[in-house]
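You will see two complexes here that share chain A, one where it goes with chain B and one where it goes with chain C.
Presenting the complex of A and B:
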């Protein structure tokens, strides 16, 4: 009876959706390239596609060259970073908390990062010469945002261990976010008008204000966060079983949690530090990836989430340019309008992981 | 003294419970390779706590657990996971997880940091799925499985974990009769042919007494172990239900409901029909007698005509089913 039946060898490809996975990744990659290009081609200043192409290939010394090279390409790269980072942190949080509604913005992680940013901009800004948020200032901003995100993450996890109910945890997340915004308001009350203005502009979220220095720092931190998330892949798959079974198959829960915390705080924290709070990408994109690939395996879901996150963020940026007009919308209102329907769809369709135990 | 090489698990002065509430202060027990051990006891006596502690999910409060002679507290998680597997009533509910994915997770302790499945792992996974009879549903989402199939998938996962000891906390709770029987049968065959050692908790005393090599009987703050027959002879089950409605009968090892006997009834006839008629009357609380007075009921079961003749005083009636007869008796004896 221990002989393996022969039919699995013939049926494995019929039932195992391997072809779907290959096809899905090819399609997503093509879409990513298209949207990246579209994002460079669109902007508030009309530059014809032909001219853009010339600039990109280096065959033109058009006056618009600076706009493409110094503004649009860095902005598109930032969009990719932001989409990837927020989506991956959302995916990891949804699995860790076993809560389909988890995401950096929903559970107050982004708020924690905002508080970190507020401390730097509103609190310590008097120590740094105004207008000179570069060099050490950038790292301080990122470190502070990541620390803020990490602290909230730990608080939420401690609460989630006690109350395992999904909705209760979400409400606690809202409470924490509320508490944090009160602290931020107090900080605002005591700060100078210029710094207040800088902070308010930051809260609107923007992909286009990064200096080359900041973009480089963002590249480093996002890469670090993604590398850590690679190490968590195997554990994330095991955590789908719930903590009891995960422990029984050999997962060190504390270690797994620690790594996910670290990765998520770095990813969500550094994007929030430089781009402002960008909502609903983290919660919605993992669901789109699951819908596309119909799997629970994070070895498929992580790359799928990475590419989908980049595509959705590029799309949001393109929409925020309002193609054909010279007006620009705040990008985080676009991501909300794109993300919210997905979240509602997830709730309505009841693809809710039951609360643990 | 050299320990018996077949001794798989030994528990020495083990204290279980919660940090703030000790449930059982000191447990001494042992299990040999290939045994099927049933843990029985009322709710709240610590069955799940004991199994969780043995499975490494809960912290022990005192004492020692040794597997193959090695203290489990000095083992790494992976080493422990390659020796002890665990299944409970808790069901896994992850969207889009396939049976294959679930079972493959059993290989966690053996795979590399990426969790890559090798050819050898794959063979073990397919084998495990085959053993529980789920090969046809290998690429089905676990959310689409029935409760019985889900529990089979959970067992396949623990088989893929390739441990010599399986700890199962009420593996058949919430299953219907057929599934329950099939799972128990599966576990037995695993214990016999698969050389697995199984410790399971159950509320099904009948099959625990009939099928286990050893019983761990949990009562308030203590564990008593022994072959089921030993415990019967010692009288350990006699007061399991206290002064309540179930009584253990030593002569046949069954539990019987205690009923207040009312009137007497005489039953004539033969064969199965008579036997089941007697049973129906016992259920109603009648005492069965050979001779009864005129005012009591006499039933004659007639196998040839498939009918029951009832006589009570002046009344003579004929029924074509036990149900209609019982209905009449209930109405007239009210």
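Presenting the complex of A and C:
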């Protein structure tokens, strides 16, 4: 287990020419702006670009202004937050666990959140009738998701402190997630059809349901999580060369683990609480960033992952709105369908899977 | 939760059993006597296979046909679940004393009527049986909490009706022990799916009631004729239905005669990003149309409710003067909690939001759904009263309630 992953090892020292990195970042930033605009300009209602521009510049009071200002812009911002947060968590988890398949959920965040939400939507509904949980507002769901994710995360972190071997932590995380999904299935089994549908829709993820207040809170927590992840940059680079090496150059492994866990919990936890589970972004985006910049240096990878994550999430949202149709697709399915081919490509290429285990 | 008291129930069941055996014994003797007495006539009475296949006796409903004969009734249930293209279930309801030829028995389900015991899976089945005054034949129900009917609740309290659970958590052993004359379910998927197949294998007679799939409100109500046939109360069922259709057509005519402008109507409540919208070919769409409203999605056609994007519904909802059936919302605040942007809709601002929760009980039962199937005229009247109060001066809402601030 202490074997140094050759992929990371070779890549970290083989830095790309600076010009390639600059070019990459400029291109990505342009793409980010384009996709952000596309997400606002397209939607299930056709609003002409000219009118959209008028609304954005405040020169129009058409009924569509509510659609742009209250629906599409908050949704696009949520997409950016979600993409950034999940991708950065995924990057940190992959490095910490030295496993290309690790993602934000390794810490049991989305399974914990799903347990919390399942208790509220499914558990209560079998005790009290659906009519009485009227106004099942956002806040109740967010609070329950936070509580569920928090409890499971604390359990896994306590285990991680006691267990030295990081792979054991990974397996414990998977086992706990499995146990939780069984509990959720029992709750689903006993609930009414309406509540079952409500729960299933929650598991499909949603970006467009945040109030301005919630968006502000999400913005603050994501910024906090990102700041912590900045602190871990050096430690993550050292960890690429193995825990023994990291220790030898003075990295406190437990402290590093704690910081990474904290950052990931804040980032992925708040997104799961506000938007529901959103799959595969956390696993796939760091790989896309690695492919684009051909490096594992976190000083490059972190900003690259941030921008790529935002772009991929915006793209997923545009697709899920099915521009031109009045239907919508669940965003969680879109991210999975976009992310899975990337993950498969990474496995088939074999360059990581060979070396990481 | 599902198994409601194995410990106490068997006693009453056993009593019921011995009673049933006794009664059946007497019945058998009677039957023998009758058959002796009529043995010379019986040959003429035997049923020929060429019966009329037309849907005689059915006017509004599209999911069943009834053909009445001297000694039997042929009941055909058409496409009893969503997407059951071409599926037809044929039942021969055999009155006491009648005997079917073997050739018919092989391809149809034979039910001896009048029913003496039934287990039903939906509150609307209970409502129709209750309308015929046959509550005491109900031996088991599914989801007692969701049944509003007070006489049924009394029978549950006295232990004469048992909760049997639902779908996969159905208490099969209890149902076998009850051995009802008929198990009435509703089809949500293919008949072979899940819990029904097993019961059928064990010899329980199953009927899939497709009343909930009827798109015409009077078509739903007409299903009382099926129950009429099952209980040999055809005349009573017919007169109940006739009275109800008169009531319905009466309200419809008042609205049509007034030729008032039709206000646009929005339905439902979003959940997260999606708003499940009832299509234009739905029961509720028909009610709004007949009540003199203009449903925003009346042109749409779909077999199920359609998940539309929130922004799409919102922009259309800006035209709606009325907003009906907003999910579980009991007040305007509840809607605002669901999504604050919805408070910008004109129907919300003007306070024209009505929900069908006036008679919602503590346990989640709502007479609206039960009356919706037996008395659509009352529901229609409520909606017409909301949309055109000037046509019904002095009347008050029975099932709907105007949502207010808390």
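The rule is simple: the second predicted complex is superposed on the first by the 255 of 357 C-alpha atoms of A that agree within 3 Å, B and C clash if a C-alpha of one lies under 4 Å from a C-alpha of the other, contacts with A are read in each partner's own complex, and residues count from 1 in each chain.
Everything that follows uses one rule, which is that a contact is a pair of C-beta atoms (placed from the backbone, for glycine too) under 8 Å apart; a residue touches a chain by one contact, two chains touch by 3 or more.
Note that the structure is predicted; figures quoted are calculated from it, not measured.
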First (chain B), second (chain C), both or neither touched by A:70: second
Partner chain in contact with A:182 - chain B first, chain C second, else both or neither: neither
Touching partner for A:19 - first (chain B), second (chain C), both, neither: neither
Chain B versus chain C as contact partner of A:240, first or second or both or neither: first
Contacts of A:29 with chain B and chain C, given as first, second, both or neither: neither
Touched partner set for A:48, first chain B, second chain C, both or neither: neither
Overlapping contact positions on chain A, where the chain C interface meets the chain B interface: none
Residue ranges of chain A touching chain B (in the complex, touch as defined): 1-2, 4-5, 7-8, 15-17, 100, 231, 233-234, 237-238, 240-242, 244-245, 247-252, 290, 294-297, 299, 351, 353-354, 357
Touching residues on chain B, where the partner in the complex is chain A: 52, 55-57, 77-78, 80-82, 84-86, 88, 90, 92-98, 100-102, 105-106, 108-109, 111, 113-115, 123, 126-127, 130-131, 135, 138-139, 161
Interfacial residue positions of chain A with respect to chain C in the complex: 43-45, 63-64, 66-67, 70-72, 126, 129-139, 189-190, 197-198, 201-202, 204, 206-209, 211, 276, 321, 326-328, 331
Residues of chain C defined as touching chain A within the complex: 1, 145, 168-169, 271-274, 306-312, 314-315, 318, 328-331, 333-335, 337-341, 344, 357, 360, 362-364, 366
